[in-house]
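I've put the structures underneath this note.
The same chain A turns up in both complexes below, where it pairs with chain B and then with chain C.
And then the complex of A and B:
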């Protein structure tokens, strides 16, 4: 286990290094650096600019600058956001938990709904239930997340069931922590539901075909023939085998999920990474944009690692190979 | 391709036929749209749909009157203007070469034909959707062409050369795929200056989307090359002294074309949605040029959604295009045709 994880980690580190380099090249490409914009701001003294220039090694040759940038990154320093006037790492540390909360809730909802429904649908393949869910998942795959979020917003407005926008309402200052948590959860429902609805389709279709394939395997017939109890057959034979491809998919789906979460955040005003990034792009806050790109990559890579580890725990064949 | 029209139609199915029709429709947007995409009527903000009616002497278009400017309530004023066909309207230059002012239908001012309603500036939504759909088609085809070329070349080289070349190229594609697409798009968008012409923006969006799209395609191609190159006909070609170019162009590519066609078809929706998403956020094509994304962006506020829900139709059009391309891809994959049999 440890060896496999270490192998994955070293591989990931290489990819991460590539992304750091990529984002650095992108920053280098941008016309001017962020200091040239700061220099126009009369509120910032030339001394501050000079010290920042030295700190980030601006004006030095390309590779020296890259070394400076790497050294700063190793110290957890992602640069300075000139639109918020705080270090980028502070901003990201504030926003990442919110994005994770939204994404994880959506993952739990989508998997919690798609897996049982897919097993149910596959057992009555071609039935009305199965066919209607299949068409529904076709739609779910085809509706872009931003449109889905807009429709969710419309629903909230028409019915008044959900609070609109933001992550918390203006509560009385005396509200207890329990009340505040409840408020946050109420705001979480609609964004996470729309996000989950978008990833339901892929999950349903994959789980369904996976269950169908396992059902047709000889070992299922053998298990039946041995007279094993239905519950044992279901959990140990059917489910464990069928869920494997989905765990692999999780890593791949996560990228789409994070992008979708970004759109959802922007439309519902959920204060996560996506909204932060959009603001950063709009105000040309380069360090913040690149910090966001890096953070997005880190989240995705960690998700992949998690999926690998899950697969390792679930599938003895994978364990033997490594 | 040596096949009759019947075979072709059976193969592409209803979704293929609909896509071709939509493509042709958008190609002739200048002629088919009653108005230019930027023809404004400031006196008719968020005008509802106005359809032709039967009147004296043929079809007529009722003239709208703004009854309540605050709530934007419209009534039919009772006046009408005749609806004419193949008439002279606003002048245009189709595809940049054909100068004309003929339109399929027009209604003379003060009447105005709103088949699907209008937007804040009184521009005709139907016309804007036609132009926007054309933009989606052109951009996604161009984008697919670029990412497909890069992806095929990279996948071929990686799969065929193997070793370090393979490792480096695949790490490169992993780097691209390890960043959530929207994050990478925003990163790329932030380094180009604002205030560019719409042509430049189009190229930048297409370029950014292709820069992301090639990665997954190259992995598909590499997998195909690897699975094919162990097979007898490739081994014998190599043994017979065929050059790598000959092996690739004569043996590998022809055997892969079917799979490539399927994966290209299935990758088009990503371009349509990617462009629409960027334009929706205001990072893509900007006003007055219509894109399915920036039309949808107009209906972002709850107030607009209430007073002009028809603007959401652009989202519906995106969904339709994506569904059709997905269906077409699935259909192509299912058809047991050539290529399928040769290496299964």
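And then the complex of A and C:
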């Protein structure tokens, strides 16, 4: 196992290098740079733009820029943001906790609801409960998340039950810590439900069909025939086999933790990474974009590694092969 | 089963959409008068985070808007008529040569940390910050005359002299740039750290200005809290409707809401006090105004405008016969006559906009020439002009004298959906003239490269940020200007009228007498509308929705609905049941 993990880690390093290099190339190929927005401003002359270009190091040849950035990266320095004039790592560190709070809540809700409901539904396949949940999951897959988010905002505006966007009431920071937490949770409800609903449908359908498949396996009949207790059948044979395909999906989901909530963040005004990155890409804030790409890539690779390790532990067949 | 369920869910949602959009009527908004209009709080939403708290480095509007509450310059612009008024200065004297202006600072002004403001701060701000090549200050250009900085020196604690190489009329307006505290920033400048000083990571108490408010708290991505600056000294001549210390408000809260739909919903729900409204949102809002206790204030044409321009650059890599069309005045006038500006306003701005006749917006009360020629929609006139120029029609298609079919690429930027629909309407308006337009929407950076570097474009639909002083147009209208879009950076003017415009701009910048300047720039507007190198089109109305609880609100052509932030009051409390 340890050897396999080390091997995977070294592969991952290569993949990461590839991702970084390609992203850097793409940022360079796209026309213009951070200063291009100023080019059509009558109040800023080409002379000033040229001097800013020099200050930001944007005039240097592509490889020099890349090597400089990589060298800084090896020293743990992600560079400076052009628009904020602060280290990229500061900006990212500021936003990551909020995004994780949102996405992890959503993951817990979605997985926590989808798995048990799917098992329950599959066991009574074709029943009213199963059919209505199946229809619901169709709906949740087909409604785009931004639309759902807008509906959520309408709900908040109409009923006044939930705050309309943001992550905190402006004056709550003066209140006690318990009140502050409650305020944050109230703001969290709509965006996290929106996110969770999107992945609920996929999870439900996948888990349901997986459970159905396992239920039809001869070993299930054999286990029943041997007179094993229902609880043992469920945990050792049914769940463990059925959850197998979902573990890989879980790895992917980990990769999307930082970037997967961008739409929802924009509409609900949630102060997370998605908004920061979107703005960075739009203004061509080179090092901020690269910092975000790096974080996303690392998380995706780690997620996949984690998923594989979980499979290794869960599935003896995988263990056998390695 | 599945389909039926989906239908049911949608039917459940539908009524909430239609009513919710117009502001549901189920909740009641009432106004309860406050015992005193003072010490209130103002809340509104901004679309993105400020990028810096350093006024010298701020480049985009969110940062400059926030900093406008915290910092002040020597002068300010009256939002009513565009006149230049004193702010940190008590007044100024211009000597007879027009090259030396002496400013006297207002007595008793202190920084928000208690240190007195002196002329040393002014000298520091210009000589060590704005003119410092190591500082990434984009405003440096507007503080120069022909590329030469002003000479700034202090005579005593309250007197500063500005000297320019030539008389420079826009000087007074340009000196509205923020003055910075020497005692807090000189170390950073010395150490070469200025570009990272006063960033968004700086603790709020460290940001010290002379404005009516101080920054109290900034939570990234969420909100900014500004509180009154007790040491604030208002500018001379500001009339106070209530005899109390300024600012009247206690705090200003700016929520960062990155999405316009959410901003609108928040305003409708009573979470914010005012919101800028686009003409397309007016029908939704006007229905809700009464029940949700707000007013819609239409302030007339805004400073943003859109124009068409043509590539007249003889060296441009496009067919030379096309350049010949574009260089013909009659051809350009024909296009100007062919465009139905009313239709553009009706379709794109819901009827809430105004045609812009020339290079100066009617919003600019000081310099707009009311007698300027206006192109009305006249397709017959356009045909006559084209025929006089040797163009002919064959089966409804237009050909030039050398037999080339008139087809033109019209470029615009993809970031503005309004501009793209405008381009498509122009395409349809030129079609009856036999002119075939192909609309090419390009990403901004791509477009700016094609227009400014490769010159590979034919016709362009675009807008530029206007300035109050017409001299701000020099980079566009002077034949040597880098944004002289139709023929950039000419060594010497390629037409007699361009030479005359150059002369007018030289005269205008050297004259301080406003009446004389008006005459000069009226001549320029006359030439601009006769030669139409840029066909000016339309401008949307500036509209703001304001909660009825607010006092000190007056719609102004130049400064939004708040003539001076320190005079805003909160007259009533909003109660929602």
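Convention: the second predicted complex is superposed on the first by the 266 of 322 C-alpha atoms of A that agree within 3 Å, B and C clash if a C-alpha of one lies under 4 Å from a C-alpha of the other, contacts with A are read in each partner's own complex, and residues count from 1 in each chain.
The rule we apply is simple: a residue touches a chain if its C-beta (ideal position, glycine included) is under 8 Å from a C-beta of that chain, and two chains touch if they have at least 3 such contacts.
Not measured: the values here are computed from a predicted model.
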{"item": "Touching partner for A:153 - first (chain B), second (chain C), both, neither", "value": "both"}
{"item": "Chain B versus chain C as contact partner of A:95, first or second or both or neither", "value": "second"}
{"item": "First (chain B), second (chain C), both or neither touched by A:211", "value": "neither"}
{"item": "First (chain B), second (chain C), both or neither touched by A:275", "value": "second"}
{"item": "Partner chain(s) touched by A:30 [first = chain B, second = chain C, both, neither]", "value": "both"}
{"item": "Partner chain(s) touched by A:203 [first = chain B, second = chain C, both, neither]", "value": "neither"}
{"item": "Touched partner set for A:84, first chain B, second chain C, both or neither", "value": "second"}
{"item": "Partner chain in contact with A:168 - chain B first, chain C second, else both or neither", "value": "second"}
{"item": "Partner chain(s) touched by A:44 [first = chain B, second = chain C, both, neither]", "value": "second"}
{"item": "Shared chain A contacts, counted only where both chain B and chain C touch the same residue", "value": "30-31, 138-139, 150-151, 153-154, 157, 164, 266-267, 284"}
{"item": "Contact footprint of chain A on chain C as seen in their complex", "value": "1-2, 5-6, 9, 13, 16-17, 19-21, 24, 26-27, 43, 48, 51-52, 54, 57, 59-60, 133-134, 136, 138-142, 147, 195-196, 199-201, 217, 219-223, 225, 253, 255-259, 261-262, 265-266, 268-269, 271, 443-446, 448-449, 451-452, 462, 464-465, 467, 472-473, 475-476, 482-483, 576"}
{"item": "Residue ranges of chain B touching chain A (in the complex, touch as defined)", "value": "171-172, 174-175, 177-184, 186-191, 193, 269, 273, 276-277, 280-283, 296, 299-300, 302, 305-306, 312, 315, 318-319, 322-323, 326"}
{"item": "Interfacial residue positions of chain A with respect to chain C in the complex", "value": "30-33, 36-48, 51-52, 55-56, 80, 83-86, 90, 94-95, 98, 131-132, 134-136, 138-139, 150-151, 153-158, 160, 164-168, 170-171, 173, 266-272, 275-276, 279, 284"}
{"item": "Partner chain B, residues of chain A touching it in the complex", "value": "14-16, 18-19, 22-23, 26-27, 29-31, 138-139, 141-144, 146-147, 150-151, 153-154, 157, 164, 254-256, 258-259, 262-263, 266-267, 274, 277-278, 280-282, 284, 286, 289-290, 292-293, 296-297, 299-301, 304"}
